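The same subunit A turns up in both complexes below, where it pairs with subunit B and then with subunit C.
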Partner chain A sequence: MPALASFTLRRLARGLVTVWFAVTVTFLLLRLLPGDPALAIASPTMTEETRAAVLERYGLADPLVVQYGRYLLALVQGDLGTSFTQGQPVSSVLLERLPWTLLLTGAALVVTVLVGIPLGVLAAARAGSGLDRLVQGLGVTGQSLFVPSVGVLLLYVLGLQLGWFPIGGAYDRDVYGGEWYLSVLRHLALPALSLALVQLGAYVITLRSTLIEALGEDYCALARAGGIPYRRVLWKHALRNALLPTTTLVGLQLGFLVGGAVLTETVYAYPGVGRGIYEAVTQLDFPVLQGAFVLLAVTVVVANLLTDLVYGLLDPRVRT
Partner chain B sequence: MSRGSRAAAAVVAAAALALTACAPSAPEGEGSGDGGATGSGVGPLVVATTTDVVNFNPLIGNSRTDSWVTDLMYPRLLHINEDGEKEAALATDWGYSDDLTGYFEIRDDMSWSDGEPITAEDVAWTLQSVLDDQPAGTLLGQMGAVESVEAVSDTRVELHLSEPDAVVVPEVGFWAVVVPQHVFEPEGSLADFANDAPQADGSWVSAGPYALTEVQRGQSYTMERVEDYPLADDGAPNASEVVFRVYPDVNTELLALESGEVDLVANALPPSQVERLQSADGIEVAEVPGLGYAHLVYNMDEPRLAQVDVRRALAAAVDYDTIREVVLQGQAVSAGSNPLIPVLSQFAPEDAEEYAFDPQAARDLMASAGVDDTSFRLLYNLTDPVMAQAAQLMEEQAAEAGITLELDGRERNAYLAATDAGDYDVYLGNFAIMDDPVTNFRLSYLPGGVINYTHVDDPDLTALVEEAGRQLEVADQVPVMQEAAEIVKDQVYDNIMYTQNLYIAHSDEWSGFVVQPSELLSVVNPVSLANATTAG
Partner chain C sequence: MAAPTRPSAQQPSEPSVDPAAEGATVEGVPGAQAAAVPGAPADVEQVAAGGSAARDTWRAFRRQPLGVLSLGVLGVLVAVAVLAPVLADYPSGTGSSVLAPPSAQHWFGTDNLGRDVFAQVVWGSRSSLLVAAGASALAIVLGTAVAVAGAWWPRLDALVGLVVDLVLSLPVLPLMILVAALVGPRTTTIVLVIAAFSWPEVTRVVRSLALTVVRLPYMDAARLLTPSATWIITRHLLPAVTPVVVVSVVLTASRAVLSAAGLAFLGLGDPRSWSWGRVLFEAQQAGAMSSAWWLTLFPSLAILALVLAATLASIAFNDARDPRSRVRR
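== the complex of A and B ==
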């Protein structure tokens, strides 16, 4: 079997095991949560009979192993179950929200990469200078920011005080066609900026250090000795190699982005999967939580798989 | 462009493509899909809420935020006024025709939005279906004495009881929400019907001041005014639309109010925000009486706490005034340590005196009980900032009396489960709605009561509560209930600390709101939102 095919199959198998592991851990963790879903679904003043009926109706009265087996069987058939609280299929609850999360995290990634690469290059090119120290300082500060605090601050300054952006939501009511898309962009700006701000530091610092390392390599020294201008060596030679770890970081950061989206979507009243997770936690809606985590696990695994495959294509040493 | 940014751009492009499915279509024209609604009127009135509607079937679940929307769709038989007294809504008269028969007489001038009249059959079918299908909601718990329900005429419903019960009629009247039989019955069990899809014309069949016409989950719920709503002062609602917008974070909600994007925040303000918003330009703050209370409960299954002197010692180790002033910034009224809270003015004794904060008396009582180990675990809801702060103050105050309170704050669901399991020494919590004292006492202090967390079993108290339940006139219930309340207070079966006043913020461009007690009803009740106007 060709090395690339074998490499792909191994990564695929590893991805499947990871998803199964995530599904199982999620299933068990939710049931270990201290809390009674019947209390969240019905009323604290319900009778024991009502409580038993609620647990029976939602299949929570069965032994754990039976619930697990039933869940796995349904899952391989593409059935994520039915929301306890909304009475709707989990897949439709999540699919309704997924485009918003994809848009938000994708936009945040684009902003991060577009701003992060020039900043990282600038810092590396002027390593040790005041500018480098400033960029590093900002990078470290950005990593320590708490998403909700950033969100409320941006909303207060840019939304309430300056009135440049709307306060929460994904779009305005009563707008249609092109105006609707513009409204979507206006509502997207602040949450995407918040997410980008808190993850930018990781990109800048990673890129800076890998770029400084690359610039010290023999091939860069040779290129410069051969008369190639420094700017060209920096952007065409060193940056290309330094971007490999950054590509990996994009895959790794996806998980972080999704985690950040839970808080960002909650603060900005953005109707994505993250906010769905927040609401499902407060309502102990196990099926929605399980479905959301399966969706996120699959997303992260697929992103990492694609990153691995791209890396494998770029660097044959990885395939072994 | 790097590979990373290409991938991200691809994600954005895919999401944008998927979003085209979310893009709303422009309305085809006036009058389409309005379910009898009409576009005239002032406004729209935009109301901020904290969560999406979980159930459009008002007989399932216990969500306050759901009720804000569904109360505008489906009528209640009775409302409650600022003095805590039940008053007419869909029902115009109610009571008992004999010991085992209760009745409601309903209005004959209300219709569903599809033109069908609301009749006693709708009421009887709703109540009987709750008995038969047992949906997981609050109403079923109020119907213990009801055996069956029937419509005896177009406007009269009778409840057949298994035993005389003086509170079942007002309680059912207050908690029951009437749904259209001709829509709900074909859908099968009431317990399983989500009611989450509109009729063919795009709206839900309803009978409130506003008809739900558009749902954008995660975003907004749009309700258009109806032509005819007899419970409004002018016979019709004033606002052209009521739009509920969802803001999970209370800080964002308040920013939206201050920016003018919303006109009213439905949930009560955090105490720390009240003073600031009272003086903010363009905002008014309405005061709403609470209909519940915050209390401390002592687990009498624990041998030390089974002694009344130990419970009295713990009650004397709390400085209630300080808690109300510091934690609630004065936004609460003392209940005089009495479960007949002041808002229930017919029942509340005028001279109820609160347990005094007296550390020395607490020490003496603990000593007289012969208790050496004065360490107790205090369970509370960590996610409720008021309770969390109160618990910390209590810890300090109890220390003055030589009592150690070990703070056990838990996330809400974990806290509810621990409460239910009796996993605490001292429990700090609150009830949002205690609208009827007899019902409250039955649930809280009678053996087998579903919120009798401390397993109170006092024959004298039980006899009094049962006697009150047989008194058909409120005036006859009052002295009996006051005697029962004295037992609860004397024996410290329950330590009622205060009723929190609630504050609701709205734009000063709107007026005419009608206040009803509790956060459930406040100024977002249907009569209030029907009367709200921008016309001065």
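== the complex of A and C ==
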């Protein structure tokens, strides 16, 4: 499979370039922005002498290129610096938060796909009907939602008023075994739903329009002419082809999804990377902020890479 | 203007609500497809007709109730921002009634310091609209310039395409957070930060049309008539991409509102001026978010009204400027 191999290599190279770009942009921003570049390493609350000592220790007096090389070398070794406030390596602070963010975004994606596919198919199958217009209207509204607003609304109605779900955190402290997993799921429900609602609009609208396009193509007309029931053509023939552009959209939107996760985690005090960012902002903990961006960028790149590779396996057309 | 003859290779029924909010890719730009068919590049013909095309678009726009309604909502929001000093006193200090629900005296209730939430929302519309206008104006100018330059000089285009792809695949909000925290949350900083990370989206949309337009015969004709690249770009290329830019302005502005609100919600709003995101942030800080529903409901509705109206207006404009969808109606 030489085509598949070269496709994989190209995607891998692109992922690496993206990570390099993210890392370099961060470096340049931190060093070249107006204001004190030393803020990136030395806390503004330190005294003058401590700060000078810290700057010396981190080699901020060296030329920019030397600093850049050292920065890249440290990153390759997984060193993201030290948190001001917690005194621990940023990588360990963030890595213990990352699984929660992955769980939240993953669950949101699953909900988006599970709800989005039937809605999109329904709207496309009855294009122009009242139902179609309703789905489109909801889709456009969904795209205009502000994540924290949705989060607070769900938290208030389903969490506080109805009491169906816990209103914050990621798990109950005093339960073990199977019950612990159950409590994780119950805590996950509201944040994942909030995030999915914001994501859903774009998904449904794209799926709908690509499906309508696919249904108008010759192979669908042929299938219909050959006597295959409409429903089967819709779900088996058209949907399979419409899913590719839609999945590409999901890949493109992963960056937005991560941004939404930051806000959602803040609303629900969910212990992921996003909540870590919120706490780092209030404490002006720049190494954590920088590390969080790098880590999330790498996560998005890896997720995109995986999607691409799976699609390369499933669909020969994308290998070109 | 007479309806242009339909190109033979027609798309099946074009969705009336296209994924314009997703940045209007090629399918959101009807001209991009029609332009490949010689003879009837819809957008280009329209632009060449000048004022009458604008009038036609406006006439078609007025026939869309949702478009008119959303334009009205945008107008009201702008009016509220301009008339803020008349509508409410600047919310400051503390008030006597703390966390009071909405009443005749305080339409939107009061916050944990007894300040009037109605006043906060009214004054907050100023900074929200300012950030939206400022950030989208900057992003549009930069994004269009980059896209057009790339389309004109193919060597530049490879780099443009690469940078756009790279920036669009990064989680932008965490990057904005980092920069805003470093430089300090001022309204000007927020505008610059949002603009700095929004232009690639504009470039992506404008570039796809510009690349089609530069290959059209009339551009070759223009090249024969003048050696001046500036002349061709400003007189022929820019007008041809203007409709997409208009849609982009609106979408970038509404994205900017959401980004600014997101930053403010995380504590990166300008502490010296009110914004909708700041009202939410202070409610969160005070731990009053879940108990005092009015603290979050009203600024949230304001954000939704602005973003939704902008999105609907851009969709209506997109439909109105496309002669093919006009014929169908």
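The criterion applied here is as follows: the second predicted complex is superposed on the first by the 268 of 320 C-alpha atoms of A that agree within 3 Å, B and C clash if a C-alpha of one lies under 4 Å from a C-alpha of the other, contacts with A are read in each partner's own complex, and residues count from 1 in each chain.
Please note the rule applied: a contact is a pair of C-beta atoms (placed from the backbone, for glycine too) under 8 Å apart; a residue touches a chain by one contact, two chains touch by 3 or more.
Since the structure is predicted, the reported quantities are computational estimates derived from the model, not experimental observations.
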item	value
Touched partner set for A:136, first subunit B, second subunit C, both or neither	second
First (subunit B), second (subunit C), both or neither touched by A:103	first
Partner chain(s) touched by A:262 [first = subunit B, second = subunit C, both, neither]	second
First (subunit B), second (subunit C), both or neither touched by A:79	neither
Which superposed partner A:293 touches (first subunit B, second subunit C, both, neither)	second
First, second, both or neither for A:282, with subunit B first and subunit C second	both
Contacts of A:88 with subunit B and subunit C, given as first, second, both or neither	first
Partner chain in contact with A:25 - subunit B first, subunit C second, else both or neither	second
Overlapping contact positions on subunit A, where the subunit C interface meets the subunit B interface	33-35, 39-40, 148, 152, 155-156, 159-160, 167, 249, 266-267, 278, 282, 284
Subunit B residues within the subunit A interface of the complex	2-5, 7-16, 18-19, 21-26, 51-52, 54-55, 61-62, 134, 136-138, 140-141, 191-192, 194, 196, 216-220, 222, 243, 245-249, 251-252, 255-256, 258-259, 261, 410-414, 416-418, 420, 443, 450-451
Footprint of subunit C on subunit A - complex, ascending	17-18, 21-22, 25-26, 29-30, 33-35, 39-40, 127-128, 136, 139-141, 143-149, 152-153, 155-156, 159-160, 167, 201-202, 205-206, 208-209, 212-213, 215-216, 249, 252, 254-256, 258-259, 262-263, 266-267, 277-278, 281-282, 284, 286, 289-290, 292-293, 296-297, 300-301, 304
Subunit A partner contacts - residues on subunit C that touch it in the complex	11-13, 15, 17-19, 21-22, 27, 166, 168-175, 177-179, 181-184, 254, 258, 261-262, 265-268, 280, 284, 289-291, 293, 296, 300, 303-304, 307-308, 311-312, 315
Contact set on subunit A toward subunit B in their complex	33-36, 38-47, 49-50, 53-54, 57, 85-88, 96-103, 105-107, 109-110, 112-114, 117, 148, 151-152, 155-156, 159-160, 163, 166-171, 173, 176-177, 180-181, 184, 243, 246-247, 249-250, 266-272, 275-276, 278-279, 282-284, 306, 310
